[in-house]
Amino acid sequence: MLSFESDYTEGARPEILRRLAETNLEQTPGYGLDPYCESAKEKIREAFGTPDADVFFLVGGTQTNSTVIASMLRDYEGVVAVRTGHIGVHESGAVEYTGHKVLTIPDHEGKMDAEELDEYLTAFYADGTYEHMVIPGMVYISFPTEYGTIYSKAELEAIHSVCHKRSIPLFIDGARLGYGLTCEANDVRPEDLPGLCEVFYVGGTKVGALFGEAVVFPRRGAPAHFFTTIKQHGALMAKGRMLGLQFDTLFTGGLYFKAARHANEMASLMNRIFIEKGYEVFIDSPTNQRFYVMSRERAEELHGKVRFEDWCPVSEGKIAVRFVTSWATPEENVLALKEII
Amino acid sequence: MLSFESDYTEGARPEILRRLAETNLEQTPGYGLDPYCESAKEKIREAFGTPDADVFFLVGGTQTNSTVIASMLRDYEGVVAVRTGHIGVHESGAVEYTGHKVLTIPDHEGKMDAEELDEYLTAFYADGTYEHMVIPGMVYISFPTEYGTIYSKAELEAIHSVCHKRSIPLFIDGARLGYGLTCEANDVRPEDLPGLCEVFYVGGTKVGALFGEAVVFPRRGAPAHFFTTIKQHGALMAKGRMLGLQFDTLFTGGLYFKAARHANEMASLMNRIFIEKGYEVFIDSPTNQRFYVMSRERAEELHGKVRFEDWCPVSEGKIAVRFVTSWATPEENVLALKEII
Amino acid sequence: MLSFESDYTEGARPEILRRLAETNLEQTPGYGLDPYCESAKEKIREAFGTPDADVFFLVGGTQTNSTVIASMLRDYEGVVAVRTGHIGVHESGAVEYTGHKVLTIPDHEGKMDAEELDEYLTAFYADGTYEHMVIPGMVYISFPTEYGTIYSKAELEAIHSVCHKRSIPLFIDGARLGYGLTCEANDVRPEDLPGLCEVFYVGGTKVGALFGEAVVFPRRGAPAHFFTTIKQHGALMAKGRMLGLQFDTLFTGGLYFKAARHANEMASLMNRIFIEKGYEVFIDSPTNQRFYVMSRERAEELHGKVRFEDWCPVSEGKIAVRFVTSWATPEENVLALKEII
Amino acid sequence: MLSFESDYTEGARPEILRRLAETNLEQTPGYGLDPYCESAKEKIREAFGTPDADVFFLVGGTQTNSTVIASMLRDYEGVVAVRTGHIGVHESGAVEYTGHKVLTIPDHEGKMDAEELDEYLTAFYADGTYEHMVIPGMVYISFPTEYGTIYSKAELEAIHSVCHKRSIPLFIDGARLGYGLTCEANDVRPEDLPGLCEVFYVGGTKVGALFGEAVVFPRRGAPAHFFTTIKQHGALMAKGRMLGLQFDTLFTGGLYFKAARHANEMASLMNRIFIEKGYEVFIDSPTNQRFYVMSRERAEELHGKVRFEDWCPVSEGKIAVRFVTSWATPEENVLALKEII
């Protein structure tokens, strides 16, 4: 059955499989100490204009989030996120498992508001009992958000500036980074990112790789012994070159961005179809995740013909649903969807 | 340069790459809820003669160890291992990071002795202050061990019987399981394993897969909500089918065991060469890891010609070194080694 | 300066100090294995009509909360509390430090609503992605709440019944239990409590002891090895008899309840005075914590004459403040307050 | 029955009880923000000649160890201790519960050898795989040790110097500090301690207080937000002045050292009696814990007449036993022991 369920239903860009096959019997050192990882790191530094960045490869998103967050917080600190942030909802408490609270503030279609963050932090330190509470030690946002929305450069600057004022690092979850950076509405350039946060990652799993997330600490900013931390979190691949090869391929000839742009184009096409068909847009996402409102009956009926996700109840008898395109979505699938909906 | 450094220097059995390519653009649900995972689980149940086993796929060894151990211990419990056990030495404290102590007893060429385990547990409960100590809640052994040695069936039965007496589960780390089960000296059949422990895993990373470990809980023995536990540990692959496809391939036509047997044969050949050349055997391993004693100068000289690992100092001026073959080692490499050493 | 800042500003009921002095040079075994602890446990079992309860003594409230919660949750579980619950706000993330998330639902003047709890749990399990979330494994409420309010017996039964339906234990934080059980509005008898939850504690620190909380697991319900768990949490007193002596004294001749009742009477008197003086009641608490609304200027002015706590902003220029009486508050202090406000 | 079982069988120096009674109904702020804590801190700074030290009061030893250690280690670090160190044996894994491994090296009658520590650290960093292991981040010793033995000033300097070389802090567990500093064989002055380590604590529980440990970070060396860390560990007393009052009393007129000296004198007297009676000394401790060898039968027989602890088996049919005096041991008890043994 046709699926618009998520952007991780297919394998990988064929260039990656080719590369794996070509190098299959080469012998390289383990744990990321191979030439492919080195090359991939160099290409990522170049693509994001951050020549002195520390780059590490991990396997998946939840793993990356909890490893990075735990590595940058002291025991008494928590991480501030919006109520809908992935770390606070759909990671089975992975952050809490490492001992840290996720401190939540409201979201606006998945986004954090710099002013509200500022107010939260100001109120926190104004509270006479704050030493009995969890100290905010990091801010986490995702780009794009869990709702497919993106921050403008000015919005990121505003959030980062609040963080700076309090000397706490900003972490950008880029599980779908490519989709954010290549969508039409976006004004953030790849080379802007290193100046806008203390750490971000370049999601591979959802953007053309079999798996893999590249964590970038600009300005040689990796926490001490981050390699050991990765190992301690069970996140170190023995055959680390699998990660290096994938990112090296994705960052050769701009493949990563090309793959992402394709998904966005398919999403725009899909969106035009939904609108033509008279569906109500739930959240006006500019990236590859799109949200529509429909009756429960309609959703039920469609589930028999195409895979997609029920998102949340909206009102009596109505729900929001999510349709997602990916780097691999063929135009014909989108057109087929037209017939179905 | 020729490498006998480890069994994770190459990629994967070509059948696996082929399978990945063939299925690349199929759309399947994430997180292991796809038909390939189902099929692989069924084949593993069959191969190990345990039709009602719960089977889960994780990515790497350290991750699997800490996830399984934490899931089966209560907070006040620790895991008993020999002094040389991987979890206590080379996993960056991943087990302690989950809050549990690794309780150590002596090893014998990497192996645990059932009688010593019994004495340890007896002494523990005889100690009037034991409630102020960490309660032993699980026993961990590896098969083969970190020294390439294996347990006989009788030895495993003896250890398991001590565990039973104390009502604590036995966990067998099978990161190199294939090499153990297919070596000549072995008398443990795959279908014996489920009766000899409460949980074991079938290592893929070191035995022909790109990555992946299949955890097997015989007798529907998985801890409640183990799926959520995997997610919490950052060990859940989004594209879970990558794991299913690999294990499905390895457990089709006995490929897993064939791949392992090849490594053992190459190791035997290599061993004959070392002995012919007059090298002293450090530990008489029957599997794919082999250990020899040589002078530091000799080792230094060889490092210029072939990759291998210095293992430990043995005596004044002498060290033990490790040479490892893998499922991918071509006979010509072993013969080339003959010229070098 | 006169203080109505909290119920832990004074030492202990004089009977306790007398008892400590009388027994001072006796030699008893450590860690609570002394006859005073035994006697105190027996008296607590009797007072709460629960002859087969397991009783343990800990030192303070946050410590008791995190120790009990961690001991009853599995790693993948979290504890449900209202948004204002002490564990989620003023315990520096002690629960998260043990690896567990505090899952919050709305409060109503500090109280949990059984129906909302039911809806929360129903929605949780109805969510197709719940296995990616933190599993609710316990419900936490406080009696009285952080706002001094109490639950009726029917309300407790309703909450407990929801818990039963989901097979999750109910934990009642009784840091101020005495004040709740002895206030006029209360209809819960001490001997009702064991049937209304799986674990509760009898707060000593705030109700007449120097320190100490008595944890009661009805129906021999203590988690296995709870003694070791207490030690592991750094919560085991070497001279455990200090706790036994205090609770033995408090549960001799009903001293605990007498002490609590006094505080409630002083709070009622105080409340009449506030109302006479025309102050607006913020939350109509029936116990020893009382909340009033006043202008910021008025509060500022009063801070120069009497100690009390600013609670929260209410509206433009107005705040809620908290005045607390204790087992030790002399009537003359309340009358003196009359002159001040 | 007469007891030489431990130094925490009695209550407290009577001066302390007097002080508690005198101040009982005073109202002071909670959490250690009272004048008694301030005064006690100042007196401790003076007694140890460290005017700019940060001082904090906690309740018990295990709690203090795990709180201090966790606060000074990063997640990837462990604490080095001798095999017999209290944290690795009798604290129910409290350190591991906070996520950190206790790394052990051999002991010599309970003591760490500076040279062996140096060798351990040198070997660690020389190991090519050290990034896969737990990084040593702190050294823990106890003074006196669990065997009653003490370090000379030169020995402490040597250990501290090894720590300095590796930039890792030295932590001195002073649960019995008074007994060490006041014994005849000792050459360490209180004012030497701040220069010999990065943190130590002054044990109250075992040296004349009802409970309490004073943690001293010389050179304003407390970790950031240590107050919050204490709270997070459930180690913050609501009525913090109980701790302040006790330490203020103990550090007025040298009472702490006087109390400790008395125990040492009683231990010397006891030792002369044991030697006169022909008992074999197991470990020649100069402090208040003394160890003798006797036959199991003899020990069994004595257990019927006096309380003491069986320590460990020594040889066929022989065991070592421990007899402990305290600040409260009357001379007549020691003389009574003479009749018994």
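So that you can tell them apart, the chains are marked A, B, C and D in the order they are listed, and the count of residues begins at 1 in each.
One rule holds in what follows: a residue touches a chain if its C-beta (ideal position, glycine included) is under 8 Å from a C-beta of that chain, and two chains touch if they have at least 3 such contacts.
From a predicted model like this one, the values you see are computed outputs, not experimental measurements.
**Student:** Taking each chain's centre as the mean of its Cα atoms, which chain lies farthest from chain B?
**Tutor:** Here the answer is chain C, farthest from chain B.
**Student:** Tally the contacting C-beta pairs at the B-C interface and at the B-D interface, and name the larger one.
**Tutor:** Between the chain pairs B-C and B-D, B-D carries more contacts.
**Student:** State, to the nearest whole Å, the distance from the C-alpha centre of chain B to the C-alpha centre of chain D.
**Tutor:** Distance between chain centres, rounded to whole Å: 42 Å.
**Student:** Starting from the mean Cα coordinates of chain A and chain B, work out the distance between those two points in Å.
**Tutor:** Measuring from centre to centre gives 33 Å for this pair.
**Student:** When the centre of a chain is set as the mean of its C-alpha atoms, what distance in Å lies between chain B and chain C?
**Tutor:** So the centre of chain B lies 49 Å away from the centre of chain C.
**Student:** Do you know which chain B residues sit against two or more other chains?
**Tutor:** Within chain B, residues 75-76, 91-93, 97-99, 131-133, 228-229, 231-232 contact more than one other chain.
**Student:** Can you check the complex and tell me which residues of chain D touch chain A?
**Tutor:** Chain D residues touching chain A: 70-71, 74-76, 98-99, 131-133, 135, 223-225, 227-229, 231-232.
**Student:** Within the complex, which stretch of chain C touches chain A?
**Tutor:** Answer in residue numbers: 75-76, 78, 89-93, 96-102, 128-129, 131-134, 310.
**Student:** Can you tell me which positions in chain C touch chain D when the two form their complex?
**Tutor:** For this pair, the touching residues of chain C are 3, 5-6, 8-12, 14, 17, 20-21, 23-30, 59-67, 91-94, 97-98, 205-206, 210-211, 228-229, 231-239, 242, 307, 328.
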